[in-house]
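Letters A, B, C and D mark the chains as written, and numbering starts fresh at 1 in each.
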Amino acid sequence: MAATQNRATPVKLTAVAAPDQPEVTPALEELYRGFEQELLVPLWTEIGDLMPAHPRSRAVPHLWRWESLRRLADQAGHIVPVGRGGERRAIALANPSLGGRPFATPTLWAAIQYLMPGEDAPEHRHTQHAFRFVVEGSGVWTVVGGDAVPMNRGDFLPQAGWNWHAHHNATSEPMAWVDGLDIPFQYVTEAQFFEFGRDEIGAAERITPERSRSEQLWAHPGLRPLSAGSTGEPTPGSPLLAYKWAHTNAALNDQLQLERAGFGGTVEPGHAAVRYTNPHNGADVLPTIRAEFHRLARGAETAPERETGSSVFQVFDGSGVVTVGDQSWTVTRGDLFVVPSWTPFSFRSEAGASDSDEGALDLFRFSDAPVFEVLRLNRTQKDA
Amino acid sequence: MAATQNRATPVKLTAVAAPDQPEVTPALEELYRGFEQELLVPLWTEIGDLMPAHPRSRAVPHLWRWESLRRLADQAGHIVPVGRGGERRAIALANPSLGGRPFATPTLWAAIQYLMPGEDAPEHRHTQHAFRFVVEGSGVWTVVGGDAVPMNRGDFLPQAGWNWHAHHNATSEPMAWVDGLDIPFQYVTEAQFFEFGRDEIGAAERITPERSRSEQLWAHPGLRPLSAGSTGEPTPGSPLLAYKWAHTNAALNDQLQLERAGFGGTVEPGHAAVRYTNPHNGADVLPTIRAEFHRLARGAETAPERETGSSVFQVFDGSGVVTVGDQSWTVTRGDLFVVPSWTPFSFRSEAGASDSDEGALDLFRFSDAPVFEVLRLNRTQKDA
Amino acid sequence: MAATQNRATPVKLTAVAAPDQPEVTPALEELYRGFEQELLVPLWTEIGDLMPAHPRSRAVPHLWRWESLRRLADQAGHIVPVGRGGERRAIALANPSLGGRPFATPTLWAAIQYLMPGEDAPEHRHTQHAFRFVVEGSGVWTVVGGDAVPMNRGDFLPQAGWNWHAHHNATSEPMAWVDGLDIPFQYVTEAQFFEFGRDEIGAAERITPERSRSEQLWAHPGLRPLSAGSTGEPTPGSPLLAYKWAHTNAALNDQLQLERAGFGGTVEPGHAAVRYTNPHNGADVLPTIRAEFHRLARGAETAPERETGSSVFQVFDGSGVVTVGDQSWTVTRGDLFVVPSWTPFSFRSEAGASDSDEGALDLFRFSDAPVFEVLRLNRTQKDA
Amino acid sequence: MAATQNRATPVKLTAVAAPDQPEVTPALEELYRGFEQELLVPLWTEIGDLMPAHPRSRAVPHLWRWESLRRLADQAGHIVPVGRGGERRAIALANPSLGGRPFATPTLWAAIQYLMPGEDAPEHRHTQHAFRFVVEGSGVWTVVGGDAVPMNRGDFLPQAGWNWHAHHNATSEPMAWVDGLDIPFQYVTEAQFFEFGRDEIGAAERITPERSRSEQLWAHPGLRPLSAGSTGEPTPGSPLLAYKWAHTNAALNDQLQLERAGFGGTVEPGHAAVRYTNPHNGADVLPTIRAEFHRLARGAETAPERETGSSVFQVFDGSGVVTVGDQSWTVTRGDLFVVPSWTPFSFRSEAGASDSDEGALDLFRFSDAPVFEVLRLNRTQKDA
């Protein structure tokens, strides 16, 4: 701990002539020198920044093109090895106004991870809650506690903190996917633990079934395996390690079909959406991360809305226009963008016949909403 | 209220010479007359019945043969009309030791319901929580709040209290199924409300889709429709109105397959089981009723177990031997039996090759377990 | 189990000519004989009783005079010994329409218990949740898990199920108090376990402090002892074993004072009330029993109200008129009365100057409300 | 939003020759330039900082002397006015290694607030959860939603977010106290809202009772006012606005007395402690802040312990030695110090006769523990 040297000039106060500030006088200057000496900072110089009328994010809206991410990840695939120490070939989004740190938002990490044919990423575990989302490709299995979970386009794989996990590319093609974690949140709250596991997964874990064991137990709607225990506290995160695309796609189509039949079912006209939930208790799939999938029928648009907390979106399919704060982008498959706290956002899919599912704008989303809800800090506002 | 006439001789005390009882003297007799006069009963004459060392059920184990139920229901179908007042052509199991009342156990109602071709059962709602389970046949739709839910062999349809519902037989065949409710529980606790609805359901509700709207919204594993609201108290019972057989069957097969592959997944060897749960919160499907499905692989048997609270089972498929307390029955499709509180029970499927799913003993079960769990009165015991 | 003999004639069906009943024909008679043979009862003959439009209690409103209870208890004190087997000299209220059984309501037990000078009641434990309430006198200590809890006028002592407990009269006077339990509820649901403990409590437990250890730990408002553990499931009932009269009285006075100062705080004009709660989690003091204390300022009256579930009241002080259903009684200290499910009730204290706390009508109340709330069966209605 | 200019060089990557880092080659340099261009940062250069084996706090242990705080606050009292805009004469602890910002720890704000005789601090409200703790003096009332809450030595006043509040010094003496808030936590998660209220409180609120209305309703142990509503979600924070010193002191003395009598009750020998809890639900008094009071009997010491999350302590009485990480301080009344995440800490009170309550070391503590617990990130470890 570098307390001693840091202590030299950690507090620096400048008396400024301004409304709402005390008059600049020699007495005030003397007071401020006293504050500095004793490591104190008055509220009256900081209140505007610390206690604003509403959240003013340090993050900014920003878009990353999948094409560039993919290209750089592949470049890294050829020159940066994967192994113990670096642990993963993961390359993270750095929000332009968060000091060059790999923070997509103040609480969320989003990265492209890349494995070359036959490569493994070594086993480890950490308290950070994580998930994978696959926008394209296949061929990698994530081995979680010995259970090999395949990854294919559209699949969502949550992985609650402190589970051992490794990755294994069983094919002859490289594969890319998106990792989402609460690394920044656990970094600022200082909660994180990390342990190395086995350097190599076992032979049995290299057998690569089409369905994980967790799915055999838990991927049946509304059906809980009795062997999971009937009472007691559920585990912190979902026991279901993969949410397959076929289910997500069917759920979204069903909502749009209900809407067309006049029975609602969508969030707003043309806007179907599901939340990935823990089948054990219906809660968010991870304690600190919410994950959702949104489908906007051709020609539909969403009403601008803002909420406390931040989100990262990835375009899964289709194309359209996304507006976040004062930014607008035309987006296409794989593009990633962030919505900072209390920043209005809306989407518009490409015009076309809205009575077909084709050409819909499909968006994967994750956010820090569970943190806000459980602490009663969540708010939303429609920006009519 | 018939208080006055009931009051004449409501309390009758007899002084008996017995260990643990006070000596029979004129003074005791006088005291007992005083108690009777003032409507009082001492603990010391009642404690054996009211506070036993463990539950001693007033109910007894009993088996009803589906064949007889089916025959009598069909007979009733030809002479007893369905309509307002009687409401349903439902014929309930009366446990032999519960005073001739239609109580399968002290808390549970179980009945066969029967609808002739083209018949409707009128709309009503009640606070009693209910479900339907279909052991054979098809052709009836239960219309719940305007949502037409088809019923086919193996389907489980929960229906939480206070939802409007009617039944409609859209085919040219009669159909039978099992109704389970908490009628006795709500009768003894005096909680029940009832309201008549429309005498006839609308034309739109006579359209009979293969999937209910509730399934379109909720029957996707781990996926919650965002239109259902993201926060707040979930509704009292499951929003999913049908748990289709295909899902239940697949879940059970998956467990047995995991077991054979050496990964557990079953409750005990050869014994797969699922609980029907509310996808909104993972809780039991109804506040007062737990429902489960058990599959016992060919040649397997369960360890005797007892628990507080009572259950009703229906054999769905296969055959085997069931032991409840000191009773044993060879059972076959459709047979119903009760397990009273704290009575040991076990099952054995027919011998045969256990590595095939064929010939397994399939049992549907419902019980009052949620009441016991939420009030912290649940206990179980293995009878090695 | 007496299944065989009970089975002889357990079901008896009579075909009656009545609206809503099927026509009486030989075929119907034959059907009913078939039902009897197979132990079946149709819904259509029972629906009026089992599924009424609203709860129609089998219990009736009734009042027991404390004077009579006290007299008979004292009489019993002289001729009925207390000891192992009979366990307690407790004499229970038997609702006039509940078949002469010691059930104050279908779910609640209420009894006067009486200990002679120097007497002990032996140790036992049971799953039934219990409490003591003291309307007069002092001198008995209830020893719960080795903690000696004094009992004085106005004190409320909850005692969650499965705690060892005994009573000890340390004085030269007999003492009476009221026991409340969920005996009928656990009897009908068949949940109950019972165990004998030591025949005699130890010498250390005969030391009779003015405050129990549970109060030293838990009777400080809003303050939890850290030694009680900081996380995890709270125990089923309150860790606080005595709610002293001084606190209850002060809380009620404070509410009336707030009301007089124009700041509300009461339930309705002149009507102060508190609920006894578990300081660990704010829940009801027992899983199946709610306990409250009501103070009605001189000259005030309550608005008639009804609710699902039943209550027992004891007049603690003052006098007034109580109306339950179509019954009205002028009540005075110690009198007990029951309010059956969905029966309107209201109270009126004696006229007088309402700006003084003197002459208020003080009522202790307990009910089965937690059962109804946790199962979502609770309803209330104002009867304007 | 200053996105554009920030964007110039937000990411800066330096390829370094180090174990666990990829070989420094022109290709790697080119890759890093590509990352910078696209606002990307690889995991392998950051993992040591972001995913350590255990929390390594950016904060350091530090002690602030009350004497200096008091002196500077008084100095400020004479030259810095209190009013709209600056809002409060609050002077916050700035942890020496948190960049000169007024953050005692990464999540917690702690400040001395000071009001001169007759002064008011204007009304406002904010989502930040707050409390006051009074180490000395009296004379100020905090007016929360119109309820005037007096502040005296030893009192703890929680104030959940979004409640209107103002302060009013009704006496002829200045008064100082400590404010604790979750300002840093809400700053990093970007949750905060703020609104100005009335510039002046009303005449009725200048009446300064000895007890707040919230205490009249809620400061009775285990007793809930029925007027507060019997069901539904409790409010986010405690309805009890003051935890008076007399109660806290009595609770601590009771624990030590129980320990001396051989009945436990303390956390460890000589160490009594209480947590301030919400009487409505037993939860922490604020959603994001835990508050406790610890008393260490004369001559006792605590076992070193560490936990995730950070704390701020204030010495309330007595003196002793505090050890936090590699720092040790002899502390006395009013001194404040911080314990960063996962830093071992222990206390030792001055030697002396431990069988007297006199001379005990009394410590007030607050922390961010509720955030960690609700997100399942809490861990503790005894450092033998």
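Everything below uses one rule, namely that a residue touches a chain if its C-beta (ideal position, glycine included) is under 8 Å from a C-beta of that chain, and two chains touch if they have at least 3 such contacts.
Every value quoted in this text rests on a predicted model; they were computed, and no experiment measured them.
Trainee: Could you name all chains that are in contact with subunit B and with subunit D at the same time?
Mentor: Common neighbours, subunit B/subunit D: A, C.
Trainee: If I average the CA coordinates per chain, which chain comes out farthest from subunit C?
Mentor: So the chain farthest away from subunit C turns out to be A.
Trainee: If you average the Cα atoms of subunit A and of subunit B to get two centres, how far apart are those centres in Å?
Mentor: Spacing between the chain centres: roughly 43 Å.
Trainee: Would you mind pulling out the distance in Å between where the CA atoms of subunit A average out and where those of subunit C do?
Mentor: For subunit A versus subunit C, the centre distance works out to 52 Å.
Trainee: Give, as an integer number of Å, the spacing between the C-alpha centres of subunit C and subunit B.
Mentor: Centres of subunit B and subunit C (C-alpha means) sit 29 Å apart.
Trainee: In subunit A, what residues contact two or more other chains?
Mentor: In subunit A, nothing touches at least two other chains.
Trainee: Name the touching chain pairs, please: which are they?
Mentor: According to the stated criterion, the contacting chain pairs are A-B, A-D, B-C, C-D.
Trainee: Sort out for me which residues of subunit A touch subunit D in the complex.
Mentor: Contacts found on subunit A: 1-3, 6-7, 9-12, 19-22, 25, 27-28, 30-31, 34-35, 38-44, 46-47, 50-58, 60-62, 64, 68-69, 72, 75-76, 78-81, 84-102, 106-107, 111, 126-128, 161, 183, 185-195, 236, 287-288, 308-310, 325-326, 340-342, 368, 370-372, 374-377, 379.
Trainee: Can you list the subunit B residues touching subunit A in their complex?
Mentor: By the definition above, subunit B touches subunit A via 213, 216-227, 230-231, 234, 238, 240, 243, 247-248, 250-251, 254-255, 257-258, 263-267, 273-282, 285, 292, 373, 378.
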